């Protein structure tokens, strides 16, 4: 078989190769999953469509699939026993969930303890304020926000941990596509917020992982 | 003299013609001011350069000039005695002052009572929270913000009055020119915030005036 | 049930939480509507697809649905008896109707008296002129326009009330998406026009409500 | 001398080569003017800086210079005796004059009868209405407008002649550079308006000339 | 019936109201067509989908439909007997035909004599050169071009008539959407070319009509 | 004195308030510096012009100024004795130095050990390869790059630590302003690279500080 | 038959006319193919959909079709016996294959010897390094890259041959549409890299052909 | 001395390191020039300001400076005796000369025979036609064009050699900055034209060199 899998990536940069599911057909996915599982016992697939998971599950019944984000994990996800979150994920509303969950399950796959709060947008600032103590316990904060993308700025002004902003392609008119949220986060008047590409939950998770394990 | 001054504007739409000072030479300005003052007793000039004011003051000693915004008022500004502000102006930092003052002096010229708070940006949310009671007393809130422009969203979620967002051309990189602040305000997840052009303090003042007198 | 409904919003900022219908499935909508109706007797849903309304109507027969805008109101809309409009909505052509109606029904839901004139575009200026007396009676003017978005400028020069411009995503080529109408309204040479995001009829309605009740 | 002057252009496409003055030094200009004048008796130079004209006037005292637009005409401009304008130029305000005059003097140089009205912007629509009869007499209408560029749309809806829109780089924020006026004119809901590049008064004049002489 | 048809437009600006077919349903179209035909004997519908024409033909058998452009003419199109074209339409390739035909049939409807040449793009300049004599006979030249939009520049340098550039949304990558062709035509180094919105064949036809009849 | 200095920021989010020098006059700067130094012993000023430093030095002789970046530190910078760098800064060429030094001196001010390598651009990949061992020793990598901004991608593929990309406004044509470098970093095919605003060296330093101390 | 086929193109500029398959129907394609094959024995069709090839194959069984790129070759492709590649095609990942193959089969059709390496992206720089000797043997290098488009810069710094960058419309967020890759290649700090339009594999092939045969 | 000069570049990729003069001070330039000249006998400096050349000439009297492009060559430029040009440079007008000369002198420095034709723009197509025979003799064609950038398309359709388009930042309005010329060249309907960054004459020269010597 000739899938050019980078088996040495984990050794080189600390985390395994991940399979981008969206553009691959089921047969290709099954072959790649088999090959990776043989060496690594488990594998993460991102942006997998539900109809493909139905096929994959037949061959790999020991697997998990999150419909909202399209994350699929083949193999056993060992439970992390820590009570304090290493990473906390915040977002403004439920429409950000498709990215929030990509961050959540990627970090879970990498063995980190994660908490998420989906409803702490700045148009009702009291909702964020009521979670201050929980957020303070985490080591890294990932903030997902669409529309005007103001949440990372408020968070960056309240907390001392690393803050990773993830702009979400939610909104219409000038907000369509997530570019307003992206630019808003990049020009945040809160210091030291860094940003990923629009909807790049997987990238934010790897960035958090680099901070905690790097 | 043939300056085509719209003397009937006040009767038609409720506020007098204003002189845009930036691109006119001193002679033209003196002629226009004379003609308007003859009819209306006073006149507002916006974006006036300091060196031009020196000349204007010689002919019109009864005049006021704000160096930060370039607003000049020729004639007597009658003191408004009301204690409660009709309009409150909020901004994130001192670099927004050149627009804040344009709003402030235009509204003062139009006879409204105005208060301003320059240092209530969202990266230190406690500063806004400590002014809640004062802000609640106003009838209209004008919010000036550059960089990521998040302040109108937080304000719109805390108060029930009309909120007018004014994006400021303060910032660098993706924030340069004020477009990020503009788009951020337009896509605010707080409901019912309306927006003016970048740096358009004069327009925000007239909008507030329309709301209070219209 | 765990929908995090902001029941205190009406008390805090003067208008109730509204349900964005487009991205929610029928089950979720039914649950949220039930919960809100229990407390508030009625609820406004925006951007609801027709096929979802068929299902909602089965459970909530006392409801209204506007196919053009997708606005749905569950509960009884009490008739407003005033003869003079508090808000007048103007637009250039019938293709703007999907937003005009969102403004119209949101304001009706909030208990305001609204009139609308759909065919007063500036390419045939006599149509606007013939409605001058009716428009003068309103307290707030909402102007919807796509293509070159010139209508708010003409309106702002003719009337003294607050003018809220709503750019519409109608047009092709350089007008596609509504950005030309948006920029045109923001740079209007008529003073004191404020603007909402493209197609944001709901936001314009709330802005008008803030002006009248704030 | 080796200036590659296109002496046959007038024969080929109906109007003579014109000299763009802005980027050429005085010596080069004097040489080119001499060469053209030898054949054609007169020459038009556009965008000429005043300090260069002082030098040119020494050699060519029979010349005319308009400071506002930078147009210079060397040679004798024969007076056009017709009373009715062949072209009428409209603009919203005095800040458009630098382009209005470029149209005006180019057309005068080409021997056409031109009238101009500088103060007929749509924010005070009565000003345009009061000129209707004069405008109806022209064969071509050139409309210069900055900011939101709405004037050509209103004009296109009122008159049956060819309407050439010239967007002007006047304005700030979203209007800066003239792109909003350009897009507004291109997406005009009035039919059959055509448009030139931003500030291209010379191009509009040639387009009008093609229509009248072509 | 309450379709607000502008029956006086022809008298006011010289050409009748036209029906934009794309966004109207068959019933509405039939009603509008009936009403216009009653007064004017014939009517032009643009951007009409083929499946709608099938229905319209049942009621109005005396009608014509061009599948490529979607232009439909109800009523009898009287043959124009002139041999010399009043307008000539040029384009770079067959993919521009959907706009070329919109120009062609709109002008035919308005009673003008039109010729079209679809294959004279500048990448094979000899094709344009071989049509020089035919093109010289027309009074107005309409040039449609997608991709890099260079054709109007070459045409403007070869001919003395009015040249109307119509950018076409044909191309991919940086040419997608027609903006490159639009900007290319606006910044043409050939003098006096004017431009319409992308794909606006109807607008170009009306512009030509204004030139010939205005 | 009424400079609204946020003395509690260090306690709240872990690092002290910093003075942005560019837009403040010398008198204001002297007052602010005095007030901060009274409490904190030292202060960091960014983007300070050389002529202002000459004045500041007279009052605060115990100070340091870096001409390339404009960073000024008033007070004693205690030497960090660690041999291994906590942060390593990489850049493609010497033209990035004005931002590299802002990162360098901000981190030095915050007490971290920093190394910098200015000449490791990807057009000569051997230069980066020869520093692999030194880079591996750091805990965080900051990568500054203008033009096509490719360096963070190569670095992200070679090392396991957190990688912060800082786009630099160096380049011309499509690279002018740093937007190409910004977009290139955001869409990096190397996983887990996060990004700051263009030229935001101070922000990158604070982000690194949050990772190491947060 | 009246397809205006440019049979003389090969003589004039060295390569035959190619058929763009995407927008033509099967009947048109069959007619054009017949006409070209009659004169030239073989023909290249680009961007052909699979369902159209099924029909074409029935008439032209001696033909080849590549599903990934949509390239179709009718006629016999004579095998090129050279061992050393004249052109080598590099790309960052398998998602670029749809363009890589368009380059590959166009060059094969033109009789050149081509090699391709699909998996040499800069996030794992060792993959490119391991192919150095093979790449050195080619006369022209075509580099396809999406996302941040960094590969041509690294290649341009390692090799002395002509390097043609082809940006690929692969990626999401700021990378969507291929504009980031395009701008990245244009502003490459490696000297002498030239670039084609996004996804223009055919253009890159012809450019390479011009270099080798021109 | 520690200028990190890449003395091995010539061996690695076939052409020597070049000094970018614009941002370096005279002292730095003198040091770098000395060091390079010691090894290579001669050196090319690009974008050098005239006042710096005056100083450089004192130390290196055996040098050449072109004021239009800012190219400086230190050392002896050996005359190339070939009569036939290896590269021909075409441009639309004299305003492109600052880039044309950068191409010309860079290629001369690299030992190639170059011809240039500055006045062959497409608005007067006969000028290009009259040079056909000369252009046919060259091996590579570099085409510089600002405004609408149409020249490379016409050239690509007439000649079989490699065509390198260089967009020039000449023009105003939509042409300002050279982006219209860039996009026009990238979407050229002539096959196989490749493009450099705006104003990148040096890059075009190196690309031509790679083609001729690579």
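A, B, C, D, E, F, G and H are the chain letters, set down in written order, and residue numbers restart from 1 in every chain.
We take it that contacts are C-beta pairs under 8 Å (C-beta built on N, C-alpha and C of every residue); 3 or more make two chains touch, one makes a residue touch a chain.
Here the structure is a predicted model, which means the values were calculated and not measured.
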Exercise. Steps needed, at minimum, to get from subunit E to subunit H via touching chains?
Worked result: 1
Exercise. Would you say F-H or F-G is joined by more C-beta pairs in contact?
Worked result: F-G
For this session: State, to the nearest whole Å, the distance from the C-alpha centre of subunit D to the C-alpha centre of subunit E.
Result: 28
Problem set entry | Chain centre separation in whole Å, for subunit E relative to subunit A (CA means) | 51
Seminar exercise, completed: Per the C-alpha centroid definition, the whole-Å distance linking subunit A and subunit D comes out as 58
Seminar exercise, completed: subunit A residues touching 2+ other chains are 124, 156-158, 173-175, 179, 182, 186-187, 191, 197
Exercise. In the complex formed with subunit B, which residues of subunit F make contact?
Worked result: 4, 6, 9, 23, 167, 169, 177-179, 182, 197-200
Exercise. Which positions of subunit C touch subunit E when the two form their complex?
Worked result: 95, 119, 124, 127, 172-176
Problem set entry | Residues on subunit B engaged by subunit C in the complex (per definition of touch) | 12-15, 18, 139-140, 156-164, 182, 186-187, 191-197, 202-207, 209-211, 213-214
Exercise. Residues of subunit B touching subunit A in their complex?
Worked result: 92-93, 121-125, 147-150, 153-154, 156-158, 171, 173-175, 179-180, 182-191
